[in-house]
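Consider the two complexes below, in which chain A is the common component and chain B and chain C are the respective partners.
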Partner chain A sequence: MARMKFLCDAERCIECNACVTACKNEHEVPWGINRRRVVTINDGGPGERSISVACMHCSDAPCMAVCPVDCFYQTDEGVVLHSKDLCIGCGYCFYACPFGAPQFPQVGNFGTRGKMDKCTFCAGGPEEDHSQAEFGAYGRNRLGEGKLPLCAEMCSTRALLAGDGDRVADIYRERVVARGFGSGAWGWSNAYPGEGS
Partner chain B sequence: MFCAFLGSMRQLSLCAVALATFIIPCFILAPVRADDLRGHGGPVMAIALSEDGGSALTGSFDYSMIHWQLSDDGPEIVHRFDEHDAAVNDVVFIPDTSLAATASDDGFVRIWDLESATLVHVLEGHSHKVVDLAVSADGALLASAAWDQTARLWHVETGTLAGVLEGHANNVNAVAFSTDGEQVFTASYDGTVRAWETQDARYLSTLLSFGWGINELQLLPDGEHLLFGSLEGTVGVIDIEAGELETTLVSHDGPVLSLLVDHDEGIAASGGGDGRIYVWNVDDWSSLGLHENPYGPVWAMALSGDHSSFYYGSLDDFAIHWQMTPAAPYEEVRSDFPRRFQVSEDMSLGETQFARKCSVCHTLTPDGANRAGPTLYRVFGRRAGTLPGYAYSTALLQAEIIWNEDTIEQLFDDGPQEFVPGTKMPLQRMTNPEERTALIAFLREATQGDSSVDGDGDELEQ
Partner chain C sequence: MKHHFSKAGDPTKNVIVHVMYALVVLLCFTFLIPDAATAQTDGSVPGNISGSAEADFWRDIRQGETGTVSIPNEQAGVLIQSEGDNWRALRNGPLFQWGGWAIFGALALVSLFFVFRGRIAIEKGPSGRTVVRFNGIERMGHWLLATSFIILAISGLNILYGRYVLLPVIGPDAFAFVTQMGKWLHNYVAFGFMLGLAIVLVMWIKDNIPSLHDVRWLLAGGGMFSKHSHPPAKKFNAGQKIVFWVVILCGISISVSGISLMFPFEMQFFQGTFQILHSIGITYFPTELTPMQEMQYSQLWHAIVAFFFIAVIIAHIYIGTLGMEGAFDAMGTGEADTNWAEEHHSLWMEEMRTSGKLQEGEPAAPPAE
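== the complex of A and B ==
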C-alpha cells in the first residue's frame, strides 16, 4: 500500500492561499480554524520563501507520543488521524508539532476545552466512511473516494504535492535535477526522517 | 518480546539502539529519587523557584499547583492548590510578597497567598486557555498570554484589569516585561514578537516577523535583548532597540517548549520537543552543555537556588532534578515507560478502554494520587460529588446522581458536558456501545477494592 505524504516545494509556492481556501471550503472547517496555512519567512527581504503547512502525517509523529489519552492513530497509508470523541483538548499536540498543525476551536464555557482539529489528508476519521458523522467531525473523505487531498489538487504552481510518497519524491527529484538546486522541500526530512529525497 | 507494548516508532528505535548496545528489556522500571518533585497526578507543565531558592511552585495537567519547601533533606509539599477547573499551564512567584499566580486552561488567572494558602483574586477576562504569565520587576503588574489572541495586564494588588493587548492574529503564547516594566513583549503563533507600552496597553512595534509561530519568550539579563523559541525549533536572540533578529543559536529537532534565563548567573537554556536541553553563557553564547531525555518533551525548566542543578517537567507526574553545569556524566531518566495510557496487546477490551481513556485522570485505588479526577475506587453506588478531599465542580456537588451501570453508560454516551453541564471532566464520549459496555464491566470488577488490578490498571502480582 502506498505511503501518503505531503511535499511543499518552497521554490514554487507563491503564497496565493488557494490551498488554504480549498481546504476550508471542502471540509466546511469552522470559523477561526485553518487546517492549512501559508507561512512566509524573510517576508519582504532576501531569501523570502513561502511554505504551505499543515499536518505532514509524520512517520514518527510527535503528537502521538505526547497525547495523554492516546487519541491518535495512523492508517495503513501512513495518514495520522485522531478521534474527537477521545480528545480532551489538552493542547499537548499543539506544542509538540513542529508544523503547528493542531488547531483548537474557541469554546463558550470556561473549563470546556475544544476538540483538536487538524488536516486529515482528506481521509476522514474513525467514524463510518462517508457518513454524515464523519463529514461533520473530520470533513470529506476524499481518499476513500479514490481522490487525493484537494489542497494539492488546487495548487496552480504544483508547489504542494500529495500522494504516494515515492512518487512525490521522484517528482521533486526531477525538479531539483532540472533546475540545478534543491532546498525547497521544507519539513520533508523532519516529517519523514531517513525516507529519501 | 516486550517491544510489542511500545507506542511509537521513536520508542521502537530507542529500544533498537539500546538492544544493539546492551541486552536490556524495553520495560523501563523507573528509579525513584528523593530530590525529584513528586506529588502531582499528571505531567508537570510549569516550574518556578523563589528568588532565594528555598521554595518552588509547580503546575500540572492535574488541575493543581503545588507549593514546595526545598532543603538539603529534599523537597516537601507545603500545600496543593486545586481550585482551577482545568490544567495549570504556568506559575509565577510575585516578588517581595507572599503571593503567587497561576494560569490555566480554564481561562482564568488566579492569585494566591502562599503563607495562608488562600485564593486572593480570580482574574476573569480571557476567553480561551491562558498559557503564560510574566510579572513586572516591582511585582505590581502581572501579564497573561492566552489563546484568545490577546494578552492582558493586571494589577496584582487589586486583581483588576490594567489593559488588553490586542492585535495578534492568532494565539498569544508568551509574554515578558522589560527591566523597567514600561514595556511588555508578546509572542504569538502568528509568527510575530510585538512590543507594547505598559501604561496604556498601546502597540509600539513588531520586533520580529519570523513566519513560524513563537512558543516562548524571555528577557535576557542585559535588558536589551529577548530570547525566543519557535515552533519549528529555532532558538534566537532579538535586539529590542533595533527591532530585529540578532542571531540564532540552535535549531531543536522539534518545537521549543521552554526557556530558562537566570539573570544572576548569566545562564540561558532551551528545552524542546526533542527532549534536548541546550545551555549557554549569555555573555558570549558559548555552549555550557547539553542534556537529553530521549523519552519526552521538556515542558518547563527552573534553576535551583545555588545554580548547580535544575528541575524540568516532561510527560511524567513529577519534575526531574538534574545537575546543571557541567552536565553530570550520567543522569538517570526516571520516566515511567511505557506510560500508563499506553496499552498492551494482552489487555481486555474494557481494561484497554480504561487505560487509554480514563487512567490519565483516575486511579482505581483508595489513593486518588492527586490526579485530575477523583479515584474510581468503589465508585458503584457512590453519589456523585461526595468523595472527601476532591475539589468537585459546583455542578457535580449539586448533581443528584448515583454512579451505577446506567449512569456511567449515559455519561459516556451523552458526554460529560451533556450529562452534567458545568463539570470539570473534559468533553469525552464513547460512541461505540461495545466499548462502553466493556469499560463498565471492567470498572465493575476493578473498582471493588479486592481486585487484582492496581491503580494504574496493571495486574498485581499474586
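== the complex of A and C ==
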C-alpha cells in the first residue's frame, strides 16, 4: 500500500503560486481559505528559496491527537482527513499543527470559527465518493479517480511532488545525485566554514 | 604525461600533441564554465546553484524561520512551528493527568471528610428564628456566578475528557452535537460569569479584608476538625475569605485568558507577563512570543486555573450544602438560623445586634425539622 507524501523541491520552486491557484480552483474553496501557500525565505536576497506548503499528512498527526471531538481519521494511504459534520471549530488543530495547515472561515460572533478546512491530498472526505455532498464540503476526490493532487500534477517546474512516498523519494534522490552539489552538500559549510558557500 | 610526451623525440609531433592537449583541456573547461561562473568562488569546489548553506537553511526553517507570503495573513509565513507539538504534549499529557487527579483528589478529600467528620450540625439545634444574611443582589450575584461556573466547568471538562469519557457512550454524532452546544454555551455564559464575578466583588470585598480574627480562626482549624470549637468570625470567616479571594483572582485570570481564546490572535497577555517574570529573575519562559504561542499559553493557563478553581469549588459546594447543617439556607433563602449564625459568625451577630438589624426577644418558633 502506497504511503502518500508531499515533497517540495526548494531548488526548483519559482514561487509562481500556481499550486495555490489550482487548489482553490479545483476544490472551489471559499474566499480567505488557503489550503496551500507558498512561503519565500530570504525574499529578494541571495539564496532566496520558495517552498510550497500544505497539510503534510503526518503519521502521528498532532491535529488528530488534540481534536476534542475526534473528527480526524487517516486513510490506509496515510492521508489525514476529517469530518466537517463532527468538527466544532475550536481551533485546537491549528494550535497543534506544525505547518499551519488547518483553515477556518470566520463566521459568527467573537472568534467563533466555522468548520475547519484543510488540504485533503485531493482525497475528499467521509461522504460518499464523488458525491455532491463530498465535493461541497471537501472538494474534488481526485485520488478516488486514480489521479494525484492537482497542485503537484500541474507544477510547471516539477518542484512539488505528490504521491507514493517511495516514488517521490526515488525522484528526489535522482535529482540530488544529478545535481552533484559539492560545496552545497549537507554539512559542508560547517565542515569548511568560509569556503565555497 | 607531459614529461612522457616531451621525451618522445619528434618536435612536430610534440607540438601537435601539446595543441591537442590544450584543446581538450579548454573543452573540458567550457563544460565547467556555467557551474564555475555561478558557484565557484575563491577557487573552492563547485556548489549548488543558489549556493546557500543547506544545513543551516533547513535548520532555521525547522526552528521557525519566517518567510514572506503573498497572502495577507503574515502568520502564514511560518513554515514550521514546533511549539504546537509542545502544547500537544502538555495538554494531552500532564494537563490531562494532573487535572484529572486534581478533581478526583478534591472529591476524595471531601468524601473522606464526610466519612470522618460527618455533617456539621448546629450544636444547639435550629432556633427557628432567622437573620437576614444575604440580600437579593448578593444572592443574584452568587447564583449567577455559581450557575455559569457549573456550565463553564462541565463544558470545559468535556473539551478535554469528553472524547474519552462521553464519546464512547453516546457515539460521535451525538457527542459532536453536545460539544458544539457546549462550546457555544461556554463562549456566551462566560459573560454571565464575568458579571457575577463583578457583582460578588463589589458586594463582598469590604467583608473579605483579612484581619487578626482570621489568624485565630485558621489556628483553630476553623473548628472543622473538632466538635465543640467555634472560633469567632465576622460576616465571613477565614475559610470563606480564602474561597472569596480564590474566586476573585482565579475568576479574573480565567476571564482574561478566556477572552484571549475567544478573540484568537488579538491579544498578547503572556509576553508581558513573562517579561515581568524575567525582570524578577525567573528566566524559564521566553520573553518574545508569537501570536500562536500566546494562544497555546492561554489555553494551558486557562485549563490549569480551571482545574484549581474546580477543586476549590468542589470543597465550597460540599461545605455549603451536604457538609454543614443550616449553611445552604443563608444563600438559598437569604436567611440563616440564628443559632447557626451565632456558632459560625459570632462577631457578625454582635454587629447585627448593635446596629439594630436584629430584633431580639421575638417569640421563639418551634424548631423546624
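Everything that follows uses one rule, which is that the second predicted complex is superposed on the first by the 175 of 197 C-alpha atoms of A that agree within 3 Å, B and C clash if a C-alpha of one lies under 4 Å from a C-alpha of the other, contacts with A are read in each partner's own complex, and residues count from 1 in each chain.
To be clear about the criterion, a contact is a pair of C-beta atoms (placed from the backbone, for glycine too) under 8 Å apart; a residue touches a chain by one contact, two chains touch by 3 or more.
Since the model is a prediction, treat every value here as computed from it, not as a measurement.
Colleague: Between chain B (first) and chain C (second), which, if any, makes contact with A:G47: first, second, both or neither?
Modeller: Only chain C; A:G47 stays clear of chain B.
Colleague: Is A:W188 touching the first partner chain B, the second partner chain C, both, or neither of them?
Modeller: second
Colleague: Now for A:R179: first (chain B), second (chain C), both, or neither, which partner does it touch?
Modeller: Second partner only.
Colleague: Touch test for A:L86: chain B only (first), chain C only (second), both, or neither?
Modeller: A:L86 sits against chain B and chain C alike.
Colleague: Should A:V39 be classified as contacting the first partner (chain B), the second (chain C), both, or neither?
Modeller: A:V39 contacts both chain B and chain C.
Colleague: With both structures superposed, pick whichever of chain B and chain C touches the larger number of chain A residues.
Modeller: Larger number of chain A residues touched: C.
Colleague: Give one of first, second, both or neither to describe whether A:W31 is in contact with chain B, with chain C, with both, or with none.
Modeller: neither
Colleague: Does chain B (first) or chain C (second) touch A:C97, or do both, or does neither?
Modeller: In the superposed model, A:C97 contacts both chain B and chain C.
Colleague: Applying the touch criterion given at the start, work out whether A:E11 contacts chain B, chain C, both or neither, answering first, second, both or neither.
Modeller: second
Colleague: Taking the superposition on A as described, I'd like to know which of chain B and chain C A:P62 touches: first, second, both or neither.
Modeller: Both chain B and chain C are touched by A:P62.
Colleague: Overlap of the chain B and chain C footprints on chain A, residue-wise?
Modeller: Shared contact residues on chain A (touching chain B in one complex, chain C in the other): 39-43, 62, 65-66, 68-70, 85-92, 95-100, 109-112, 190.
Colleague: Going by the contact rule at the top, pick out the chain B residues touching chain A in the complex.
Modeller: Residues of chain B touching chain A: 7-11, 13, 42-43, 61, 85-87, 105-108, 127-129, 131, 147-148, 189, 191, 209-213, 215, 231-233, 253-255, 257, 273, 296-297, 299, 315, 341-343, 356-357, 360, 393, 417, 422, 424, 426-431.
Colleague: So in the complex, the part of chain A that touches chain C is made up of which residues?
Modeller: Residues 11, 17, 34, 37-43, 46-51, 53, 62, 65-71, 83, 85-92, 95-100, 109-112, 179-190, 192, 195-197.
Colleague: Using the touch definition from the top, list the residues of chain C that touch chain A in their complex.
Modeller: Touch residues, chain C against chain A: 39-42, 44-57, 60-61, 65, 67-71, 73, 75-82, 84-85, 87-88, 91-92, 158-160, 162-163, 167, 172-173, 175-176, 179-180, 183-184, 187, 261-264, 266, 292, 295-296, 299.
Colleague: Looking at the complex, which residues from chain A come into contact with chain B?
Modeller: Interface residues on chain A, with respect to chain B: 39-43, 59-62, 64-66, 68-70, 85-92, 95-100, 104, 106, 109-113, 115, 190.
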